[in-house]
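Going by the order they are written in, the chains are A, B and C; count residues from 1 in each one.
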């Protein structure tokens, strides 16, 4: 693996984690009785930006290196399901996240003044969206560990 | 200083802040229950302690995954399938989701406290216990038993102190 | 009508459609090699193709939904967001379920 690919892989993981941290923070703060709009706006934007960086860095690594050099190793290992199930599922479920993140960030930025009172159930539904982004983040993170652990 | 040592130190820092924060948060909370009120000073201590706890958690997650990255890149990928690692990951996930459940008022505070304290101390012990030969299932079953024991212990402590769960703020 | 609610609703509705699209094209492309080959030949990699198509669909639909006349309200937006949550759950289960079957159960 070249230094550039190593850096991209590291960046994918670290920025992905920081993105999930951002959305977890949004999830937690939305559950408060009086969520702070400023914190929500900053956290959601942080989560979105870091997620996009993770997408681009991981995507480059995946498209240019993983298929030809890593996938054969994983499929030939004692854990071919690490690719056949976890990588295949992860790479596609991950694609949900940028759109969920854009929606969450956009709605928070445009509707933040309605979040302190339960206007039309908006806060509750945003809790659901923040929650599913975080849970999908946990799932793809664990899938990533499973895949990396099979590269031997 | 090598990356390995830097990551180790950072991970220890996160552990100290998290385990210390969780422990002191519980102590401050019990003290406030005993006095019957959460005054401004206690409230401030609790707020600060929770903030430090969260910072500890973030440091732990980033440094913990840095360990995994180093293992992957240096040809020790088999360590990513270690039962001890997966137990820590599971316990961390339970802790993070438990905090959400507590914040959403879906679980009572006594259970939230038991999960928090047990999770932090279990992660510390698992991290330190090199050579632990237990399987993933054995560790997780032990963890749930310890959560139950911690719940009972905290309940006994509260009874001994003569406190209830509804301090006035 | 509240422009902010309209834009928000448009983005949510587009996301729902995009997530359904991603789920569908993931499963169909795996069952239909011709589709997967088309994605690879057009976009250099099937995954890149799915990503690009998703972004384009999202952008176009969000624009269209935001200019089309429609009744929007806070409650309507909340309902759409809840719908987005459920579609995401179902999409995740569908994709993991499909690959679980392909990897571990299919002969």
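Note that a residue touches a chain if its C-beta (ideal position, glycine included) is under 8 Å from a C-beta of that chain, and two chains touch if they have at least 3 such contacts.
Everything quoted here is computed from the prediction, not taken from an experiment.
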{"item": "Distance-maximising chain from chain B - centres being C-alpha averages", "value": "C"}
{"item": "Chain whose averaged C-alpha position falls nearest the assembly-wide average", "value": "A"}
{"item": "Mean-CA-position distance for chain B and chain A (Å)", "value": "23"}
{"item": "Where chain A and chain C are represented by their mean Cα positions, the distance between them in whole Å", "value": "16"}
{"item": "Geometric centre distance via CA averages, chain C-chain B, whole Å", "value": "37"}
{"item": "Numbers and ranges of chain A residues touching at least 2 other chains", "value": "131"}
{"item": "Residues of chain A touching chain B in the complex", "value": "1, 6, 9-10, 13-14, 17-18, 21, 24, 27-28, 31-32, 127, 131, 138, 142, 145-146, 148-152"}
{"item": "Chain A contact footprint on chain C (complex, rising order)", "value": "4-5, 7-8, 11-12, 14-15, 18-19, 22-23, 26, 30, 44-45, 47-48, 50-51, 54, 58, 73-79, 81-82, 84-85, 88-89, 91-92, 95-96, 99-100, 102-104"}
{"item": "Chain B residues touching chain A - in the complex, by the definition given at the top", "value": "58, 61-62, 65-66, 68-69, 72-73, 75, 77-81, 89, 93, 96, 99-100, 103-104"}
{"item": "Residues on chain A engaged by chain C in the complex (per definition of touch)", "value": "55, 59, 62-63, 67, 80-81, 84-85, 88-89, 91-93, 95-96, 99-100, 102-103, 106-107, 110-111, 114, 119-122, 124-126, 128-129, 131-132, 136, 139"}
